[in-house]
Structure formats: C-alpha cells, structure tokens
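Below, subunit A partners subunit B and then partners subunit C, in two separate complexes.
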Partner chain A sequence: MIAKKVLLVGNFGVGKTSLIRRFVLNEFSEDYISTIGVRVSSKILKVDSTEIKLLIWDVAGTSDDEKVPKAYFMGSSAAMYVFDLSRQETYTNLEERLALVKQLSGLKEITLVGNKKDLLTEDELAVVLQSISTHIDLVTSAKEDDNVEDAFLALAKQSLN
Partner chain B sequence: MKKAAEDHTKDKRFELLIDLLLADDRQDISLLKEELLEAKNFKSKVDPFVDAKIEDLRQNFPVYFGDTITETIKVQIKESQDEVVEALYPIMGKLVKKFIASEIAKLFESINNTINEKFSVKSIIKRFFKGKKTNAQDVLQEVFEPVVEELFVIGKESGLLIGSYSRGNIADKDMVSGMLTAIKAFAEDAFSKEGQDLEDIKFETFQLSMMNFKSIYLATATSGVLNAEFKDRLTDSLNNLADTILRNRDYLADESKLNKLLEEVLKDLEQK
Partner chain C sequence: MKSAGIEQYYIEISCSNRGQINSILSGSFIRSEFENASSIFNPCPFLEGTLEALALNEALLMEGMAIQADGTEFFTDVELYKSQKETLVLIHNRSNVYHYVKELNQGKNDLFFLKQELDKKNTELEKLRQMADKANKEKSRFLAMMSHEVRNPLNVILGYTELLSKEKVSRKLEGYIKNLTVSGRNLKVIVDDILDLSRVEAGKLELSNDPISLSSVLKQIEENYRSSHKDQKVELIFNSSKSLPKIVLGDDVRIYQVITNLLNNSIKFTPQGSVSTSIDLISSDEKEATVSFKVSDTGRGMTADQAATVFEEYKQNELNDNRIHKGAGLGLAIVKRLVSAMDGEIYVSSELGVGTTFTIQISFKTVIEASSKENPKEPVLQENHIKGAKILVADDNYLNRSIVEHILKREEADFLLVKDGVEALDALKAEQFDIVLLDINMPNLSGEDLIKQKEAYEKENANTPFIALTGNSSKQDIKGYLEVGFVDVIPKPFSSAQLVGILNTNLGH
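Let's look at the complex of A and B:
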C-alpha cells in the first residue's frame, strides 16, 4: 500500500481538526478543539483502484506571527489550505498564505477549501465567494458532513500526481 | 315566674359581657381560621408543582449542578491542599508500601534465580574462559536485561514509516512514526542549534533513541537498564543496519524485506 504525507494548514479555528475528525472517525464534536502545533492522523482510502494511506498532518497556523517548524512541511505529497467562510480574517491575503505554504513544502499545487458553509446563508456564501479572487476547490461543512470526503479525495489524488 | 325572668336577664347580660370581652379574640381566631384555610388551599394547589420540581431536580441533579459542584470541589481542594494531602497520605502510603514490597519480592526472587544460575559450576567455567564481566555486572545484566521492544525505520523528512519490528502491540505504527517525527522536528526547532538532532526521549521504563542518517532515521524503544556495553552493541548493530539499507535501496521500497532484515539484526543483537 502507498503511504503519503499530506498537510492540512490554515488559521486557528477554521475547522481543520473537525474536517479530519469527520473524515477519519466519521463523527463531529461540538467541542472546540484547539490544536497545538501539529497532530498526525491516518486514513486508508481508495483512489480509483489504488489503495492509499494518508498520513494527515494537521498543522496549526501559517501566518507570520505563528512560528511553525519548517520541518512539518517537508516531505509532504499534497496540502490542503482551509479557511473559515464565516471569518474574513482567515481568507484575506490568501495568495500570500498559499505562496508561503508552497515555499515551505515545495509543493506546486495546494487544494483550497472554504469550511463552515453551514454558518452562512446561500446569499452570504455567494457574496463571500465573489470577494475571493483565488480559485476555491471545494466548499465544505465538517458539521454537516458536506463535501468532506470529496475534499480528502482531492487531496489524495493530488498526492499521487 | 319573676325569678325566672330575672335569671334570663342575667344570662343575657353575662353573654353580652362575654361577647364584649372576647370580641377581639374571636375576630383574631376567625382571621387565623381564614389564613389557615387559605394556606391549606394554597398548599394543595402548589404541592404538585413542588413535587414535580423536586422529582425533576432528583432526576437531573448532575445536569443542573454538576458543573457547579465540580467547580466547588476543585476550589475546595485547591484551598485545602494540606487537608487533602493529610487525608490521602495514609491511603497512598499504604499503596506505595504494598507496591514496593511486592516489587522487592520479585526482584529478590529474580536475583536469587540469577545467582543460582550464574554460580553454577557450568557458568563459572564458562565465565573463566570468557573472562569479560564482573560477577556484579553479570547478575545485574540478567536482572534488568535491556530489550529492544520496537525498531522503526522512518523517512527523515516525511515521517513515513518504511519498516518496523515490534514486540508490543502498537495500534497505528504509521501515526506513531508521524508524531515521533513531529516531536523530533519541534524539539530540534525549539531547542537545538542548527544541525543538531534529538536523540533520546525517556519515559517510565522506556527509552526512545533516534539515530539520524541522511534520508532516514532509526527509532528504537528499549526497556530495562541500558548499560554502556549494550548501548555500544546496539549502536553498532543500528549503524550496520543503516549501512545495509542505504547501500541497497531496494529495502526502502520493500517493506516485508526490510522487516525481515530488522528481525535478523535484533536476533543477532540478542545473541551477542
């Protein structure tokens, strides 16, 4: 079986850990899970006919004031940048943040995911999406298990490229 | 006839007198009666609600007051640490004493067995010809024998597990390898100067050791007492192992082949 290291990055509180919990354990906790540094989870999934074991590194924070060991990013095959659709500060300067992750990880592509869709109405969501110039790969809700599987599938596919 | 009329008049006067004297008291009694009746009526109306509330409290006490009680207990314990220690000390003391006595009995038995074995004629002759260790070293080595419980070959940058040997029952070795790499990276980033690596982590009876090479690192978990001689032998074995793996990269691509090699290396180490 192929094993791949993949990254999950994004500001505190955007729901990275909730996405992993939903994907890995298929459950959602209302408790706020504060991530300290990094947490590694694993999940086996099938991409087409290839079985792949994802080692998901949940890395906390990527803004300039949050010092994250560079080694967390090294040796990864794919990365997902998660932001909170309901908090503007998590998606301002997205291009700069993505560039930083690319620089640290050496990856060319990063899957961009907007989470917490459940906190916005359709109109509000449309306004938010329109305000973001960067291409968003998926809009998810860890709470309502919306698009979570697809987001990780996209990540797994990216890791095989 | 006249007398009878006189008595009647007297009675009337007497009653009038009673009425006059007891008027206030009678009024008070009447008010009290009314109040009592009102209270009874009120009680009969309120009782079911109070009973229901009591039942609700009884059923859901932990929900309503659990947090408050926990917080109160925490505060109480924090503010009365001396009293808590005094209350727990005798119980803890007994438990610790019991545990130590039991462990010493086991140690005593183990030393006895080892001494009996090591001082047999056969062992004395064997040691005479080997002429390496002192008797004390020999006995202690047997009693606290160091054992390699786990051996992981891990990708240095990715933290991906390439191969492993395990005596224990670790549920998810891949995840352990990832976390170990993350801890290593964190420690190196936080405390070390450039180019220095985290090499040892100790916890309880285990020691985690990491040997770093160019593209991989070897992580071992050992139990028992690690004497200098065992450390030397282990280091030699791991250096040879890394040399073999890095010279023949097929091992890095074939997990079962690598696992077999790890098993052989550890078997050799035990037999030395």
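Let's look at the complex of A and C:
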C-alpha cells in the first residue's frame, strides 16, 4: 500500500470539510464550522489494482486575497480545488486560482470540483456550468452524497500520475 | 532559563527521516503519544508524505496543524529540520491562540454568510415588493377602469330618474322613482369611493394647496345638510372655533370629503340623538396651525375590537350593515388615507351603546388673509344663455345622448345630436355652433382626436368652445383635456343642473 498526501483547497464555506466527512465517515452536518489550520484524515481506497492510503489535508478555507501556505503542499501528490456552485464569488477567475495553486504546489493538474449542487435547480446548475469556461472534473453534493466518492477517486488517480 | 511548567507546551522529538521516533529531546506536551521506536505519523499524520519531501538542512514551519490526543484536538505550530541522519520535530501547543483565531474566524465567516443570506432575502423581498406593487397597480387600474365603465350606465340611470321625477306620475310611481334615485345616488357614492381609493393607492391623489377657510368649509357642509337631512330624530350640530385662523393652505374639497364621510358614517349609525361636528384650534404660530376636526355621535358605538378595524377597507361591523346602511365600507378607509395624505392623524374612541367620536388632527400652513379663497364656488349665472343656443352634442351612447337631448329640449336649445367623432366633424365643417359637447371615448374618431383637427373645421367653428363629456374625471385627465383645447369638462355621471350650469357659464362668456 502506498500513502499519498492530497489537499483540498478553496474559499471558506464551499464544503471542503463536508466532502471529506462524507467520504471518510459518510456523515454530513448542516452546521457550518469553520476550519482552522489543517486537519488530516485518511482513507484507504483502491484505484485499479493499487491500494492507496489517501492522506487528505483539510486546509482552512481562504478569502480572495489569502493564499494557502506553501509549506502545506510539501510532499503532496494531488490537490482538489473546491468551489460552491451557489456562490459566484467562489468560482470567478478560476483559471487564475488554479494557476496559483499549481504554482504553490508544483502540481501540474488540479482536480476541480463544484460542490453544493443540491442548492441549485437543474436549470440554475446549467446556467452556472455554462458560465464557467474551465473544465470541471466533478459536480458534487456532500449533503446528498452525490459524486463525492468519484471526486476522491479522481483525486486518487491524479495522485498516481 | 525556562519558566516553570513551560515543558508542557512543547515537545522536541528526534526521528528518522522515515518517521520512526528516536528519542524525546525535551518538553512534555502530549508526551504519552510519542513512544520511542513508534511512528511519528500516528500522532502527526500531517508529517506522512511531508518528511520525505523536506529539503535537507532547511527549517520549515507548518502552522495550525491539528493533533488528536486522548480524544482532544490540539492545534500546534510545528517546526521541522531535516539532516542526513535525522529529522528534528518541534511541536508547540498553540491551542489557546488558535481557539481565539477559530472563534474570530467563525464569527467573521458566519457574518459573511448572514450578510449573504440577508442580501438574498432582500433581493427576494424586493422582487416580492415589485410583484405586490404591480398587482396593486393592476388592481387600482382595474378598479379605476371598472368605475369609469360603470359611470356611463350610471349616468343614464341617474339622468332618467331625474327626468322621470319631473314628470307627473302616480304616487306609486313617484315612490318607485324616489327609490331609484336613492339607490342610484348610493351607487354613485360607491363608485366615487372606489375610484378615490384606487387613486390614493396608485399614488395619483393630488392634493391642492390653496388658501382656504376651514370655517367656510364647515358652513358649506352645514348648509348642504340643512337641505338634505330630513331625519328629525337625529340633530346635527356644527361648531367652528372662533380662534381658527381665517386662512390656511389646504385642499378644501378633500377636507369637505373627509368631514362628509365621517358625518355620513355617524348619521348612518345613529338612529336617534345627535351628531356633532366641530373644528378647533389646538396650537398655532406664525407659520402653522394645528387643527382638530371632531365628529361625535350618540349612536350605537363600537367595541374596542370593532374600533380597531374601523378604517380597514370594505369593513362593516355587522353582517347586514351593507344591506341596511348601504355603501361598500370604503368611506372611513378613504378618510384615513386622505388624512394620511395631508400628514394628519385620525383617532376613534367609542363606547358600545353610548356613541363614537372621530378626531382628526392636521397641521396647516397659515397665510395672510388677502389671498383668501373664501368663496370657492363660482357664482351661478342667473341669465339663461342656453335658450336658442346652437349646440352640437356627440356621444356614441344612445342613452347618454337622449338624456342630454331631454335636458337641452327642456332648456329650449337648438341642438344637433351625432353618434361619433366623424359625424361631429362633418357637422362642424358644415355649420357654425355656439358650443360643442364632445364625448371622449367614441368609435372612429375620439373627442380628443377631433378637437386636434381644428384646421378641418376652423372655417365655421374657429372660436366655438368645446366641452368634454367624460367618465375620466381625475385631475390629470381634466388637465389633459384642457391642454388639448377643451374649455371645460363635465364629468359623468352629471346632474341636469350640472350640465345646464356649465353650458350656461360657457355660453355666457
């Protein structure tokens, strides 16, 4: 089994902790508790025939003018940038934000995930997705356990590259 | 020198570059979690993957790293230093500091989401407000349109009952006609009320600000009621204080309406006794006078609950009130809105079986007496200018036309009746008239469009006065008609006296 350090980054309140809780513990809470610093969770999963211990760094959310400390990325194999589909300010200038994460982490690819799809109607979701020119890897709902597993699977696959 | 107990806030560990603990160098912070020869990755999962990537001989600080120990979560700052033979890990317990940071951060973020929620709610509220405004405007427009549409047939009903009342008929028929007249007039009051209310709601109520005499307004009301009030069981008392300023700036028509509505309401609910109307000065200075209008009755009175809703629209306190006392229950609602529009206040006090008092307080600007409008009504011409006058009447409604015909016949006018604007234009091209009565909403050519084609009829009727006959009687409508060339407006429904008066005045000029 190999261990892979992966990070979840993005604006505060986009649901990074909720995605991890859903993936690792299969739990969800409506309460919003802001994350401070870094909390690491782990889960073992299989990608193809490879067993991976995914060390998932839940990094405190940032505001627009804040950067994730570069030290956090040290030794990381993959990163997921999470945004909130219902909050426009979390997905404006996605290209720039992803470029910054790539620069800080040294990673070539970042898994892009739009969370909280449960807050949007199908039509609203279509409008939001149309407004985003960057390729989105997965649209998820931690609340409804929609695509969460797939999002982490994509992250794990990325960590193997 | 180390302060006593400082060891418990940190721990310094030496481990292999693969994470196996060699020894505890100093400090005692969560000491039990770090066993020699065990993996440091168990208490410090954030070091897994990180240690391998650390550059040699370079210190690295990682802030805010969470560590679980004995079911408690600690927040730490971790310093790392990797050399060829070992990695030094210095863990500082900063839980207290991060506790405050967390609280601040939580507060900041909660505030952000609250503000966002508030913005969202405000946007929704604004949308709802706009929808409500639109619905309200639609309602007002509908009511105004309906009232206007009702005016035409009402004009016919009132016109014919008036004509009938002047004929010699049997006593039985006389009674029927009287009932028709009363019901017709009641219907007119309701239509006027609805129109007034819709105007107020649509923000189209325009209050004039002319020099007026409040005591004259009350005197006028008293005179009107002296001739119309026949119920001997109810005494009407009027009193205006001598200390009232002679002239104030206000809208005498609306004040008249307010007092009349209150008075009518009191009379309705006072089977016997008295209804007293008074105007008093509360306070005054050089610029302003605050005046109270009081209408008190010895009627059936109301409970506190009834009094609390008395100004609501379509509100009548007893189930059969609207059957016995007529009206749509709009009179007091209109009073309340008119008083509000005048920046005044209205109160009601009532006792069941004793009576009710309505009190209004309004502040008026005072002016010098010279600009008084003491006698707002124009003097009625005594001379009959209608007799023999050549009058053109255009109205597409046959019944309205026939009412005007009856009146003009009675006044011995020389008149021509036509049924639309095109026929009226032909007549105006062919002969000269002393005056023209034009309905506004006519097929083919409206009254407004006809008057604008002056060059077509100016050979014969360049100086002929045109009067608009219309159900559109708002100030704005009337202003518009005067602007396009009408010299006067006769609002529908009109009485024969009104029609004759306006015709006479304009023919006498």
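Definition applied: the second predicted complex is superposed on the first by the 155 of 161 C-alpha atoms of A that agree within 3 Å, B and C clash if a C-alpha of one lies under 4 Å from a C-alpha of the other, contacts with A are read in each partner's own complex, and residues count from 1 in each chain.
The rule we apply is simple: contacts are C-beta pairs under 8 Å (C-beta built on N, C-alpha and C of every residue); 3 or more make two chains touch, one makes a residue touch a chain.
Only a predicted model underlies this, so the values are computations on that prediction, with no experimental measurement involved.
On the superposed subunit A, the two partners subunit B and subunit C do not both fit; they clash.
By the touch criterion defined above, A:91 lies against neither subunit B nor subunit C after alignment on the C-alpha atoms of chain A. After overlaying the two complexes on the shared chain, residue contacts for A:12 are found with subunit C alone; subunit B is out of touch.
In the superposition on chain A, contact is made by A:3 with both subunit B and subunit C.
When the shared chain is aligned, no partner comes close enough to touch A:83: not subunit B, not subunit C. When both complexes are overlaid on chain A, the residue A:38 reaches subunit B and subunit C alike.
Where the contact sets of subunit A with subunit B and with subunit C meet, they give residues 3-5, 37-40, 42, 55, 57, 69, 71-72, 74-77. Contact residues of subunit A toward subunit C in the complex are 3-5, 12-13, 32-34, 36-40, 42, 55, 57, 60-61, 69, 71-72, 74-77, 87. For subunit C in complex with subunit A, the residues that touch the partner chain are 45-46, 48-54, 60-66, 73, 75, 98, 101-102, 105-106, 109-110, 112-113, 116. Residues 3-5, 37-42, 53, 55, 57, 69-72, 74-77 of subunit A are the ones touching subunit B in the complex. Residue ranges of subunit B in contact with subunit A, taken from their complex: 155-161, 172, 174-175, 178-179, 181-182, 185-186, 188-190.
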